[in-house]
Structures are given as structure tokens and as C-alpha cells.
Amino acid sequence: MADQIQEFNDYRAKMNEVILDKQNKVINRLFNLDTNTYAEGALSTKVKEMLGLVSSMVLRCDDCIKYHLGKCHEQGITTEEMYEIFAVANIVGGTIVIPHTRRAAEYWDLLMNN
Amino acid sequence: MADQIQEFNDYRAKMNEVILDKQNKVINRLFNLDTNTYAEGALSTKVKEMLGLVSSMVLRCDDCIKYHLGKCHEQGITTEEMYEIFAVANIVGGTIVIPHTRRAAEYWDLLMNN
Amino acid sequence: MADQIQEFNDYRAKMNEVILDKQNKVINRLFNLDTNTYAEGALSTKVKEMLGLVSSMVLRCDDCIKYHLGKCHEQGITTEEMYEIFAVANIVGGTIVIPHTRRAAEYWDLLMNN
Amino acid sequence: MADQIQEFNDYRAKMNEVILDKQNKVINRLFNLDTNTYAEGALSTKVKEMLGLVSSMVLRCDDCIKYHLGKCHEQGITTEEMYEIFAVANIVGGTIVIPHTRRAAEYWDLLMNN
Amino acid sequence: MADQIQEFNDYRAKMNEVILDKQNKVINRLFNLDTNTYAEGALSTKVKEMLGLVSSMVLRCDDCIKYHLGKCHEQGITTEEMYEIFAVANIVGGTIVIPHTRRAAEYWDLLMNN
Amino acid sequence: MADQIQEFNDYRAKMNEVILDKQNKVINRLFNLDTNTYAEGALSTKVKEMLGLVSSMVLRCDDCIKYHLGKCHEQGITTEEMYEIFAVANIVGGTIVIPHTRRAAEYWDLLMNN
């Protein structure tokens, strides 16, 4: 089961390297800025990762969702909290978010049972 | 061929159960409300399923499209009618909808030949 | 009150003329194709206008919504039917569609009381 | 200045009444469910309102943004926290979110100086 | 007529200042990065501004469209070229882009007659 | 490696035939119009293909991206130019575009090494 998590992380790491190696300054600085966005600040990293997750859900980006699910898991978010994030995403974004929620629910269970 | 339809329905049913079992009230009530939306009313279920399909197409959600294609098939929609729905979706949503139309056309043929 | 309808139609007509006068073949043919999309066919114009409306709502385009509301009104759609279209749009597209539904509801009342 | 806040709230209240009076069950239940989504739960209302706001920003719905800005203000969110939410929205959603951030920044200052 | 251009630029400049003054590092660096994106490189600023414009059109952000129309005008893009950009945007993004094209066509004429 | 390119092109060609064979006039004319959009004009096909690509990226349509990457490759676009297009797409569309950029970067390398 954990294979699916490993596979996702590996492809992500491999392709990030391919992209960063091309040395496009704008892209490389954006990648760097992306990391900084979720650093501790006035808001905690935990809250920021929840913000990143819900944004990814309403924009319906499965890979972004997986990435933030992983980060939320590292931040110790519980399943009950997670489903309240799912609830906001589905109410704001509509039933069009449901298929992404199905895949998110599956990946979340993988992370919790890892 | 029908395997693709079965697989889609099975995953959908399995993950809906996983989600509903978590007992998040907002999500469970939204799922329930979703079903009611397409019930016979001033508009027929047939028309409502067409509305659900075209919405899914312009929002480019492949799983939502498959679901509504199945429902439209149950409602006896013909291939000629179906392609007129595809036409509205592609004109309103643009050529960005074409790849989703390709997959929709394939799944529709599966449903019709099932 | 009807001024709001007139104003919308006038700006639309004026700017369409400005655009078509530029003689870009692709744009002019797309405008023409757009009109044909809603012609009577295997599906009635009435159903097609409902499809155009719900698509405009989930894509959250206020001007497109107004245009199709006008066309739906011409097709004799009732307020009860209209709100069932609104329901599909809000369930599929989520609460993000609500502000557009408020403006649609206001414009629909203008059309009905015109 | 506060006129802009009053005007927004008044139009919202007036049109919600127009919509709810039409007694479409699906819409009325969705409106009710929307309210429940942000109730205290495993996550606080404060966090949920931040989730609602960031979702509204990446989906670029100005009225939804204003609504959640008002709610965030009621929850005592500081300007420093608010700009960290804006940061997530702009990084995830891109520079396309900037014009909405401008209007959000203006409305936030109105709320803070009210 | 040029008042509309001045008003747009003034509001944009005023609110950018409000936002940048809040000193959120992520936002301020993103604003800076945004400027760098359109600098001369392997592709000319002219081509990059066309890319920024068509992206803004398919994402249907009126303010972003106005901004890039201004920049395209500075780059000496002709009306015939401009309408070919509009054509790509409308074909890729669909008729949902038409209302934004109307406003873009109006603003373009203002810029050309300024 | 080139298998992935072949597979993409084959499925696209096969399904286009399935769709065109249904003889829906609106769809068939839209497909035809789509081809004309990228013909040499005031703007070169090379620039138009870049416009088509960046639009596909910000709208996050993987198949559309692959198609335009193929066309850009035929037009002799360099890797450095390509990454400047990726930069515009990621800045305008946000980090939500990154997963699509990963897949685009992979497919671009396939095309270049073909």
C-alpha cells in the first residue's frame, strides 16, 4: 500500500530535479517561494498546510492534494479534522470535488495506516 | 469492455462507503442532497441528468462525466441527443473540453454496446 | 427596472459589432457557430438553452448567465423550472455559485416582471 | 466607508430572501448546510473561516471573499495573519489572484477601520 | 475616454502600495517575480506579454486582461495581431470568454485611440 | 520512450474519428475551426502554438498540453524558450500548475530525445 506514497514522492522529486536543472530563474525562484509560503509565521505551518490542502481541493488538483495530505499528516492532523477540511472543500467547490475527495480519502487512509 | 464500467462503479461505491463511514455530517448531508437534486420535479430526471452532464463537461471532471453518462443512458438518451449535449459543452467550454469529450465518447459507446 | 435588461442587450450588441467588424475569420465563424449550437435538433432549443445556462452558472460568467436567462425566458421556462436549474448549478458548482445565483435571481425577476 | 460593507450585506440579505422564498428544497437545504459547515467542530470556526476564505480567493469569487473577510474579522484574525492567508492564495492560485487580493485588501482595511 | 485607463492604473498602483506596505515577504517576492517573468529572455517581452494576455483571457480575469492589453500596446502589437490572440483565447476557452473579449475589445480601442 | 508519444497520438486520432463520424455539425465545424486557429496569419504559427500551450497549461489540461508541446516541437522551439513559457504559466496560474509542468517537462524531454 505504502508503494503508492513512495511512487508519488519519487516521481515528484525526480521531475522537480529535471525542472530545476534547466535553470529558469523565474521557475526556480517560484519553487523556492512555494516552500517559504508554508513556514511558521503569524499562522502555524499546520494551519497553512490546511489552507494549501483546501485550495488544492477546490481547484481539483489531485497531485497537489496528495502533497498537502502528506504534509498535513506530518503535522498530526486527525481524521476528524481532515474530514472537516473535506467538508469545506465540497461545500465551497460543489459535488465536482467529490471524485477528488474519494481519491483523497483513499490516500489519507494509506498515510494513516503507513 | 464492460469491465471499465464495472470498475468505475465499484471504486465509486467503495470510496463513497469509506467517506460516509467517517460520519462527517456536512459531507453525508451533501451526498444525500446530491441524490435529491436529480429527482423528478418541475423538470424531469432526464433533463436534470443532461444538466448535470453538461456541467461536469465544462468543469472538466472525467469521473463526474462518466457518472452522468451512465445516468443519461438509463434515461434512454440517444446518441444524437448526447452529441448535441457534447456540442453545447464544447462551444461553451472551448477546445479544452475536447480531450474530455474523447473519453466521454469512448465511455458512451461502451454503455450503448453493453 | 427594464433598463437593466436594455442596457445589457445594447452593450452586447454594440460590442459584438465592434468585434465582428475586425473581420477575424476564426472569431466571426465562432460567433456564427455559437448561434447554431442552440438551434432545434434532436434536443429542443428550450433544453439547449437550459444546458447553456447551467454551464454558464457553474463557470460563473454573469454576462453569459444573463444572456441565457433572456433566452430561457423567451422559451417560456417557468420560475419553478428555473430554480431547479439553479439547484443543479449550485450543487455541482458549490456555494461559490451562490453570488452568481443572487444576481441571476434578480435578473430573472426583472425578466418575469417586464 | 462603512457604506460599502453595509451595501454588500444588504444586497446579500435581500437576495437570499428572494431565493429562499421560492422554496426550492435543494437550494434551501444547501444554504442551511453552508451555515453548518463553519460551526465549531474538531476545527474551530476561526480556522474554518480561513479555509472558506482561501478557497474563495483561489476560485476568485469577490463576493465570497468579502463574506469570509467579514467572518474572519468577527473571529479576531489579525492583519498579519490575513496577509499570510493572502500569500497562500496567491502562491497556489497565481498572479491571477492579485486583482482579487487588491479588492480584498481594500475591504479588509474597511473592516479593520470600521 | 482615457479616464478609464487612468482610473484602472491608479487603483492598481494605489492598492499595490497598500499590499506591499504590509511587508508580507511571500507576497512582496511574488510581486517582484511577476515583473521579472516578462523581461526579455530567450523569448521577447512582446511574446511574453502575448502569453500573459491569452492566459488572462482563458482564466477570465478582466483586470489581468486590461493590464496585459496595456503592456501589449506598449510593445506595438497591432489590432490584427491582437484579434488573433483573442481568437486563440476564444477557441481554447470557449464562448464563456466572449463577454471578456467584449470588454477587452473596448479597452483595446481606448488604448489605440489614446 | 517514444511509445508514450505514439500512444497519445493514436488515441487522439482514433477518438477524433469516432467523434467526427457521428456527424454532429457543430462539433465537426468546431474541430475544423480549431485547426484554422493556428494557421499563419498576422502572428506566426510558432507564436500561436505558444499561445495555445500556455492557455492549456493555466487551464491545466494535460492532453491539450501534450498536443501543443508536439506542435511547438515541430515549430523548432528550444528548451530555453519552452521553460520561459512554463514560467509564464506557473506565475499566472500558480503552483497548482506545477504538477502539470512536471508532466510537460517529461513529455518535452521525450520529444527532444525522440
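Worth a mention:
Note that the chains are named A, B, C, D, E and F in the order they appear, and that numbering of residues resets to 1 at the start of each chain.
To be clear about the criterion, a residue touches a chain if its C-beta (ideal position, glycine included) is under 8 Å from a C-beta of that chain, and two chains touch if they have at least 3 such contacts.
Composition by chain, UniProt nomenclature: A, B, C, D, E, F = Alkylhydroperoxidase AhpD family core domain-containing protein.
None of the values given here were measured: they were computed from a predicted structure.
The chains that touch subunit C as well as subunit F are A, B, D, E.
Note: the chain lying farthest from subunit F is D, by mean C-alpha position. The interface at B-F recurs elsewhere; of C-F, A-F or B-C, the pair that shares more than half of its residue-numbered contact pairs is A-F. Farthest from subunit B, judged by the mean position of CA atoms in each chain, is E. Centre-to-centre separation of subunit C and subunit D, using mean CA positions: 26 Å. Our note on geometry: subunit E versus subunit F, Cα centroid distance of 23 Å, whole angstroms. The distance from the centre of subunit A to the centre of subunit C, with each centre set as the mean of the Cα atoms, comes to 36 Å.
With centres taken as mean Cα positions, subunit D sits 30 Å from subunit B.
Residue positions of subunit D with contacts to 2 or more other chains are 26, 30, 33-34, 37, 55-56, 58-59, 64, 80, 84, 87, 90-93, 95-96. If touching chains are joined by edges, the resulting network of the protein chains shown connects every chain directly with every other.
Residues of subunit A touching subunit F in their complex: 11-12, 15-16, 18-19, 22, 24, 26-27, 30-31, 34, 55-56, 59, 61-64. Against subunit E, the residues of subunit D that register as touching in their complex are 60, 79-80, 83-84, 86-87, 90-91, 95-96, 98-99, 101-103, 105-106, 109.
In the complex of the two chains, the subunit D residues touching subunit A come out as 33-34, 37-38, 41-43, 47-48, 50-52, 54-59, 64, 78, 80-81, 84-85, 87-89, 91-93. Remark: subunit B residues 25-26, 29-30, 33, 36-37 touch subunit D in the complex. Listed in rising order, the residues of subunit A touching subunit C in the complex are 58, 90-97.
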